[in-house]
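Which chain is which? They are A, B and C, in the order written, and residues in each are numbered from 1.
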Amino acid sequence: MRKFFEKLVEGGLLISGSVSSLTILLIVVFLFKEAGGLFNTPSTEEGYVLAVHNTNEVAKLSPEQLMDIFDGNITNWKEIGGNDVEILPFRLSDLTNYYSEEELGSEFQYVPQKISELIGKEPGIIAFFPEQYLLQEHFQGKVLPTQNITPSEFFGGTKWYPTATPAPIFGLIPLLLGTLLVSIGAIVLSLPFGLAVAIYMAEIANHRMRDFLKPIIELLAGIPSVVYGFFGLVVIVPLIQKTFDLPVGETAFAGSVVLAIMALPTIITVAEDAMRTTPRAMKEASLALGATQWQTIYKVIIPYSISGITSAVVLGIGRAIGETMAVLMVTGNAAVIPTSFFEPVRTIPATIAAELGEAPAGGAHYEALFLLGVVLFLITLLLSISVEYISSKRKI
Amino acid sequence: MIKIDAQNVDFYYGSFHALKNISMQIEANTSVAFIGPSGCGKSTFLRLFNRMNDLIPDTRLEGKIFIDGHNIYDKGVKVDTLRKDVGMVFQKPNPFPKTIFENVAYGLRVNGVKDKDYIEETVIKSLKQVVLWDEVKDKLKDSAFALSGGQQQRLCIARALAISPSILLMDEPTSALDPISTSKIEDLVHELKKDYTIVIVTHNMQQAARVSDKTGYFYLGELIEYGETRKIFTNPEKESTQNYITGRFG
Amino acid sequence: METVHKIDTIDRKKRSSQKFAFGFFTFLSYLVVAILFVILGFIIIKGGNVISWDFLTKAPEEGMTKGGIYPAIIGTFYLIVGSSIISFPIGIMSGIYMNEYAANSKLVRFIRIMTNNLSGVPSVVFGLFGMSLFVNALGWGDSIIAGSFTLALMSLPLIIRTTEEALKSIDDSFRHGSLALGATKLQTIRRVVLPMAFPNIITGLILSIGRVSGETAPILFTVAAYFLPQLPGSIFDQCMALPYHLYVISTSGTDIEASRGMAYGTALVLIAIVLVVNLLANALRNYFAKKVKMN
């Protein structure tokens, strides 16, 4: 009986032991499950069709081209490989500009005919309307085939307009660049501080000072990101706006400053631990040769602990890349390719947090956000693995 | 000529009285061995000569130690200048995670030598001094960690010699080595004492007998007996010394 | 004597470079301390004016510009309890398994890498995952139980690691002593190892509570409600939570300017939780460290 009980407990321990691996596995499965449908989803809204005049030679339109057409940025078919004809964008709501209510019928029963007629009449037209109004027989136009969203559109796309009609645009590039800009800015700001404090704590400070600093660093690590975001919003953002005389203070730079503070504890703790592993004998050897303490630090201790210090930097980057709330609150969230530090940007995690609430489950937008999650997960996984690799590498 | 002159030295780790009223004079260009059971204070005493114990927090020294007539614990003395003149070799070989060449050049570089030719000359000279040159001349750019333990220890000696100290402290330099490497280092000590004052701490009494001119026997923080090595080993004055060297304890 | 003189100037140079470097590092270290105190001070001063008994015990009123944050405090409390019930036993058992049963095997190396990877996963990814698995696939909807599970998984790596470290710090001689008396492995763990490691494990658990109480992204899509007039009635209800509340009223409330005061107050409550958690963890650590020394 007792033996059985022991076996039972040990089984429980084994199962618990595998829980973190299991969680990773589940994360992968469920993230991919939700995101996987994106490339099987038509790029235009479901239930709608796009139709053009019969003579139109353009057979394919990308979501970006569609948006440019309906926004009036592309006005002639020749710009996108067609004939030299002015483009006439048409939505269902425009129908009343062409036909009176009587012509459309009291119950709009003539709408399909009229749309078909209009398309037949206008060589430059591109019409976007619900499938139910598509005339079944003798349609006088050409329906453009629906295309699925392609991986190259997602991974290579330079625009993120998830709610654009007729076709939403999911381009990763602006978000990815925004994330990298903010994170790298954060590390550049935080690295000198982090390393300086790590060196100070590991080699210079006396016991009392160290005992004072340790809990301070822990406290910095413990403050919730939303509080950092709030502090950034009410203090750092206005400060940046005033200092640099900007139209808005919510910028990539504000995000970097907040993230730099948040990444400090990680960098300090990991780098300090790494420097502490330097054998005492090695330090003594250097000092015994007449080196000063500072020479010993930068000529012996830092080279010896360089892999640990690198891990600290990579972990700091990982922390910055994945950080959501603080960044969401201070970067202004403009999904455009950033051109300067002092412009609003939008990061991948901030996009997920801001948009998932509005994206209908199972729709293209929802799937695209999960795919962003996959990208984020893979980036951080890559960073974790590289830390693993760096710290397992032999010294020198 | 007196090189090192310790006068009434007391040393404390916190409240632990590690060295008790020790006085000792060491002449220039001789070699002196410190022997005694573990924890007797011989290494602590050795590490006072280059102020290595300064690194340990909560320690206290009373008394004076003169090197070349200057009290090295005077306020104005800079430890890095002192340590340049007083080289040290440690118990375990402790090369830096650098190349063989850079290990030997390290002391020169941290002391501001920039002249490349001079550095190269000195590195070669030092490696030859410790009879390591022939073994490493083709792999100066290799990691020092690739060398064997005995080679590493000779490298550490070369490293110490490169900045031309006048005193060389050796803290059980062969305790981590095999007999062949040990005898090579003992030969080296014989060679080196012509130009340097050598103080060597050892557990190994044959070694003390082989390499030193004078021997000091420490026990429980006291210097029990100090004199000509031959006399200490053949005709010690104190019974405690007699017991230790005949192996009755230790 | 020429060379001696030269070396002396070099010595002076390297000493002054050390002085400069150390001065710089000391300065930066103080600056980091100053940053913390500015953040804490700012929120404590601004929030201190808002905190009152009513603030802590009343629901938000008038579009969250007045009233209090009681439902958010209660919601966060539920989430802490809910996630702790799940993560504490699993995390501790996982730590025990790794250190006591499979130490140094290939399997443990793998698990450890996975645990490290898990701790690197961004919190918003946990949010996505929780939404997909607990809210949608298991059909729990936005609920306290879905949020608790999500938060629990997120805090697992911290608990596993601190448990493992705590167990590792216990000398093998204690284990051997018990085994030599005929105790089984499990008895040894339960009666000897765990009681000794207990203080350090507790410290890790407390810190994980601090983390759970402040996380926003994982609860965004799994449990958090923008505004709920009444308290949740079951674990399948949504609830408000402090961090999400702070986010909402500082960025997208009905009247951001008017609810600033509420935001300062909420931030102060969050900071207070973190402060208490850290002080408690430190006090425990010091208390037990002293006790060990005395023994």
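The definition used in the following text is that a residue touches a chain if its C-beta (ideal position, glycine included) is under 8 Å from a C-beta of that chain, and two chains touch if they have at least 3 such contacts.
Just so it is clear, the structure is predicted and the values come from calculations on it, not from any experiment.
With chains as nodes and touching pairs as edges, the resulting graph is complete, every pair of chains being joined.
Chain C has the Cα centre that lies closest to the mean of all protein Cα atoms in view.
Distance between chain centres (mean CA atoms), chain A to chain B: 60 Å. In whole angstrom, the spacing between the mean C-alpha positions of chain A and chain C is 25. The centroid of the Cα atoms in chain B and the matching centroid in chain C are 50 Å apart. In chain C, the residues that touch at least two other chains are 14-15.
Residue positions of chain A touching 2 or more other chains, listed in rising order: 292, 295. Contact with two or more other chains is made by residues 80-81, 84, 110-111 of chain B. Against chain C, the residues of chain B that register as touching in their complex are 78, 80-81, 84, 110-112. Put simply, chain A touches chain B in their complex at residues 206-207, 279, 281-292, 295, 299-300, 303-304, 395-396.
Contact residues of chain B toward chain A in the complex are 50, 52, 55, 57, 79-81, 83-84, 87-88, 90-92, 94-98, 106-107, 109-111, 143, 145, 156, 159-160, 163.
Taken in their complex, chain C has these residues touching chain B: 7-8, 10-11, 13-15.
Of all the residues in chain C, the ones that touch chain A in their complex are 14-15, 17-18, 21-22, 24-26, 28-29, 31-33, 35-36, 39-40, 42-43, 89-91, 93-94, 96-98, 101-102, 110-111, 113-118, 120-129, 131-133, 136-137, 153, 156-157, 160, 184, 186, 207, 210-211, 213-217, 220-221, 243-244, 246-247, 250-251, 260, 263, 267, 270-271, 274-275, 277-278, 282.
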